[in-house]
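Okay, so subunit A shows up in both of these, paired with subunit B first and subunit C after.
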Partner chain A sequence: MTAETIIQSLASGLLMGLLYGLIAVGLALIFGLMDVVNFAHGEFLMIAMYATFFLFAFFAIDPLLSAPLVAAALFVFGAIVYLLIVRFAVRAKANAGMVQIFSTFGLAIVMRGLAQFFFTPDYRSVTNSWLGGKTISIGGIYLPEPQLVGALVSIAAFAGLYFFIHRTDFGRALEATREDAGAVALVGIDKNRVFALGWGLGAALVGLAGAIMAIFFYVYPDVGASFALIAYVTVALGGFGSVFGAFAGGIIVGLVEATTALILPPSLKSVGIYAVYLLVVFVRPRGLFGSM
Partner chain B sequence: MDKDFARRRRRELIIAFCLAAIAALVPLFVKDVYVQNVMVLTLMYAALSQSWNILSGYCGQISLGHALYFGLGAYTTAILFTKFGVLPWFGMLAGGVLSALIAMALGYPCFRLRGHYFVIATIVIAEIGLLLIQNWEWAGAALGIDIPVRGDSWLKFQFTRSKLPYFYFALALACVAWFVTWWLEDSKWGYWWRAVKDNPDAAESLGVVVFNSKMGAAAVSAFLVAVGGSFYAQFVSYIDPESVMGFQFSLLMALPAVLGGIGTLWGPVLGAVILIPLTELTRSFIGGSGRGVDLIVYGTLIVLISLALPRGLVSLFARPKFLWRKAAVR
Partner chain C sequence: MTITRRNVLLGATAAAALAPIASRAQTSEVVIGVIYPLSGASAQIGVDAQKAFETAADIINKNYDFELPLAKGEGLSGLGGAKVRLVFADHQADPQKGRAEAERLITQDKVCAIVGTYQSAVAVTVSQICERYQIPFISADNSSPSLHRRGLKFYFRAAPHDEMFSTAMFDFFDTMKKKGTKIDTLSLFHEDTIFGTDSGNAQAKLAGERGYKIAADIKYRANSPSLSAEVQQLKAANADVLMPSSYTTDGILLVKTMAELGYKPNAIVAQDAGFSEKALYDAVGDKLEGVISRGSFSLDLAAKRPMVGKINAMFKERSGKDFNDYSSRQFMGLIVMADAINRAKSTDGEKIREALVATDMPGETTIMPWKRVKFDDMGQNNDADPVLLQYIGGKFVTIFPPQAAVAEAVWPMK
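So, the complex of A and B:
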């Protein structure tokens, strides 16, 4: 193993990690806002990837161009999911935690079933997109272009989110609702509206991630499940309640995955991620940057 | 109050006995192998869910990684039988004890975690177990273990001609899991667990040894689930890592209790009796097309029940008088 291979795999690990952060941030946002873990998060990613695939297959819109469209569609979808399901789940008078887990989990199963029904279980892929399969060499290190663009989109999205939360009225309403949902009602903020917009925003972010993922990853009904667990670990590692913990968590997960793949057989590469999660929470039970 | 309580518990025991007796008679009239198969699975899931309920329902430590113990039970029995010729009964015991020990070893660091951090830790640990077994050549790696047929007998716990012995074992297992729960409900442990579930800090201040009580719940729960895993290995006579240790098993184990009524004595039984036949029927009759209609039906049901009946299906059986009294207090 030369120094070059190590740098090479750390670089691709870093790119993948930034994408993991983008996949996970919607989850962190929703959790921070209302203490709800969306167990259908992976399926949100799945439908975003399908949307990207079909826009490409039927209308020849490149994933880079369709990404905003997909994000907008997911925004609407996320808000609808909140209004139709989650709104009622958080009102449950008993076993509230269980009701949230299993109502969103049931939604995940329905979405997977619908995907199988309408799109069949076949593996599909976006072929011949602008970036697909291309690599770029920077100082002797080869980086796949889709992942590189994905990482840049991720950084831009996090910067945008930071600006949005701290500098806009809606962002302030979001923060205030998360601090004390009862008190914001007194100053005339409709809690349900903020939550619905929060779900929309969370879904839009995973939509963005899905559009990029579709460039270089197969699209199939169960694709969300493979990334969902990584997303939960990413959020928990960074600490629930911290949006920027997800950013840091994503980078750590990406680097750990790449390092594990250097040492252990590829089929065991996730073991490293899981082990690091356990080590971190055993030392810091609230994750790295968590407050709750 | 005390007298009422004792009478209620006695009545529950009598109801359980009657139900078990009726269940034992069913195979005398139902000879269809497919239906018998569904009944065996229903009883097995009732037992598994009841065991899961001890840790997650009564003690409130939600585990979505119990597939680990199920898989350990299945693998211990299968490995001991195929590689060393050890009878499945001893394998079952070994698997149970091993799982209980591992549950406590894992509980030692994990029980300091709360809420979602704990849930994710349980998922991740089971996933590590799955990946390790998938890469363990000696134990068959991803291909799994084919359990050789060595003749039908209770001694070897193998039956190729009839499903009935499996049925009666699964029934016995479900009864044992139910009885253990019934007995624990009114024991010191049972009260401790409910206190820990409601408010661990308050429980600690009142002298409940929170940590030990969680460890106890984990050990009992893991032991029973592993016995279920051993049974399953003998029942299907072929196991592979994904089918006994996959994440979907952790969920399948939790669902009957959640839908039936988490942290209740009858919830897991009720949930399993409704959910498992429904799953099997939708899979056989509309799932055969491979187009996911079974998943759509199943998922919709989970969403609707969890939203409409947060206390589970058992709340339908709660006496109206009780509900009314509670409403009046509010």
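So, the complex of A and C:
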């Protein structure tokens, strides 16, 4: 094992980790806001990737340009999912937790089925995009441009999110609602509106991730599954509901995955992630940056 | 409505009166179960497979002038012209779902035979169920060599398995070496289910026997979100030949990641799977000029045997795709099974099994480059000669063995 291999592994892990963070943050945001785990999170990613693919295939819009469009479309989609499904699921009088789980889980299955029906199960790829297949080499270390841009977008998105939550009225309303939804209603803030916008924002972030991912990953109806699993671990590791936790969790997952593959056979690389997660559970069950 | 004793009696009488018609209806139709991943990560394979089986059923059930068993005349002549009806089941690439679906096909849909399954891991459980119910099973496109070595009486495979395929690859390496090409080291890259594991083991064993050095032997987790760590190790090993055994998803990601990390091997010799799928070449074909894959089918054959081109056209009309290594084997799987049922003149499992054992189908009456279809005592057809195909200028040409080759191998790949 040479120094070059180690640096390359860490660099790839870091880039992937920042993307994992961007994929996971929507999940953390929604959970923090209303204690609901969105089991259709991977499918949100899937439709964002399909949207990017179709915009490219039919209108020749490069994924870099369509990313804001896809994020906006996902924002609307997320808000609609809240207004049509989740809003009713959280009202359940008995077994509210179960109803929430199965409503988003059911949504995931329906979305996958519809995607297979309408888009066919073929594997699609965005070919010849501006960044696709391009790579920067610095002293023998290769940094693929799509992942590099993805990492930058991720950092920018987290910075923007930080600013948004702490400096804007809506961000404050979001924070206030997650603190105490009842009190917020008393001062005249429409709880449903805040929740809908929260879902929209969460979906928009995963939409952004999906648009970037479509540059270097293949798209098919089940593509969300493996990334959703990583997103759940990322959120659990970083701390449920913590936006910064998702950022740190993503980086940790990316780095641990890359270093495990250096030491153990690559087929066991996810073992490292779950081992670290178990360790965190022992020491800090609420996750690294989770609040009580 | 309450059910009185009279209703029950009436119903029973009606059922008794209809029973002969029902049993007559059964003989005019032979029901065969087809079990594939129709949803989930490899749904695309299953959906294409459905088209291949429908094409085969169409040729059996209608009259076509092909030198293919059962093409001439309508239906199965041995059963009074009975038509073949296919019942499709979805195993979602999950061995446990495969087990349950096979059982359902047998007990509820009353199929007399089953063909499947793409994933070898699923063929393991499906064939066990078939054995228990004494229903013949044909592995149309499973290639793990361990499948036919389990001593099952109702298991048959007309196509080659991965040891035969891998042997062909090493024969090819030996030939190239004699011509002066430098092939000393190999990198194996295989996924972690039975297909990749068996293929990797077969290749490692052959490399040892024939004196090739394994520079890297990487087993990776199927459907990984990222393969960059794996590709780095391949790059560091920098063997003369990269030998992937990967399904479509991982194949696409492998090729993309290799380009991103600046790894360009001299040659890629793939164990089929993803590397014979159109989706992979649509996605990354520009990076794969000169890739070599093993196969059991090649459209080149249409030049020598015109019916191959005609049947391919029928398939293409349904699926929008040319036959590939998988769809062609699926097609043949049903033909071989239906031919046995026809000769058995019965839908009884044991009689069909006996007919399968007696199968001797000359290669010229198939759409494959095989010598013939004849099963050994473990149910494997050892006369199914594999070929190596090279992807050149957007299509596959046969480069090995010499008797089937239409072009010289391009080495190193571009």
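Just so it is clear, the second predicted complex is superposed on the first by the 289 of 292 C-alpha atoms of A that agree within 3 Å, B and C clash if a C-alpha of one lies under 4 Å from a C-alpha of the other, contacts with A are read in each partner's own complex, and residues count from 1 in each chain.
FYI, a residue touches a chain if its C-beta (ideal position, glycine included) is under 8 Å from a C-beta of that chain, and two chains touch if they have at least 3 such contacts.
Everything quoted here is computed from the prediction, not taken from an experiment.
Residue contacts after overlaying the shared chain place A:A176 against neither subunit B nor subunit C.
In the superposition on chain A, A:S270 makes contact with both subunit B and subunit C.
Of the two partner chains placed by the overlay, only subunit C lies in contact with A:F217; subunit B stays clear of it.
Once chain A of one complex is fitted onto chain A of the other, the partner contacts of A:T120 extend to both subunit B and subunit C.
Residue contacts after overlaying the shared chain place A:V37 against subunit B, while subunit C stays out of touching range. Contacts of A:L14 after superposition: neither subunit B nor subunit C is touched. By the touch criterion stated above, A:V99 is placed in contact with subunit B alone, subunit C being left untouched.
In the superposition on chain A, A:I80 makes contact with neither subunit B nor subunit C. Shared-chain residue A:V90: touches no atom of subunit B or subunit C.
Residue overlap on subunit A between its contacts with subunit B in one complex and with subunit C in the other: 112-113, 116, 120-121, 221, 265, 267-268, 270.
By the touch criterion given at the top, residues 31, 37, 85, 88-89, 92-99, 101-103, 105-117, 120-121, 221, 229, 232-233, 236, 240, 265, 267-268, 270-271, 274-275, 277-278, 281-282, 285-287 of subunit A touch subunit B in their complex. Subunit C meets subunit A in the complex at residues 39-41, 43-44, 46-47, 192, 218-221, 223-226, 228-230, 232-233, 236, 248-249, 252-253, 256, 259-262, 277, 279-280, 282-284, 286-287.
If you check the complex, the residues on subunit A that touch subunit C are 2, 5, 8-9, 12-13, 16, 112-113, 116, 120-125, 127, 133, 135, 137, 142, 144, 146-147, 216-218, 220-222, 225-227, 230, 257-258, 261-262, 265-270. Residues 62, 109, 112-117, 119-121, 123-125, 127-128, 131-132, 134-135, 247, 251, 255, 258-259, 262, 290-304, 306-307, 310-312 of subunit B are the ones touching subunit A in the complex.
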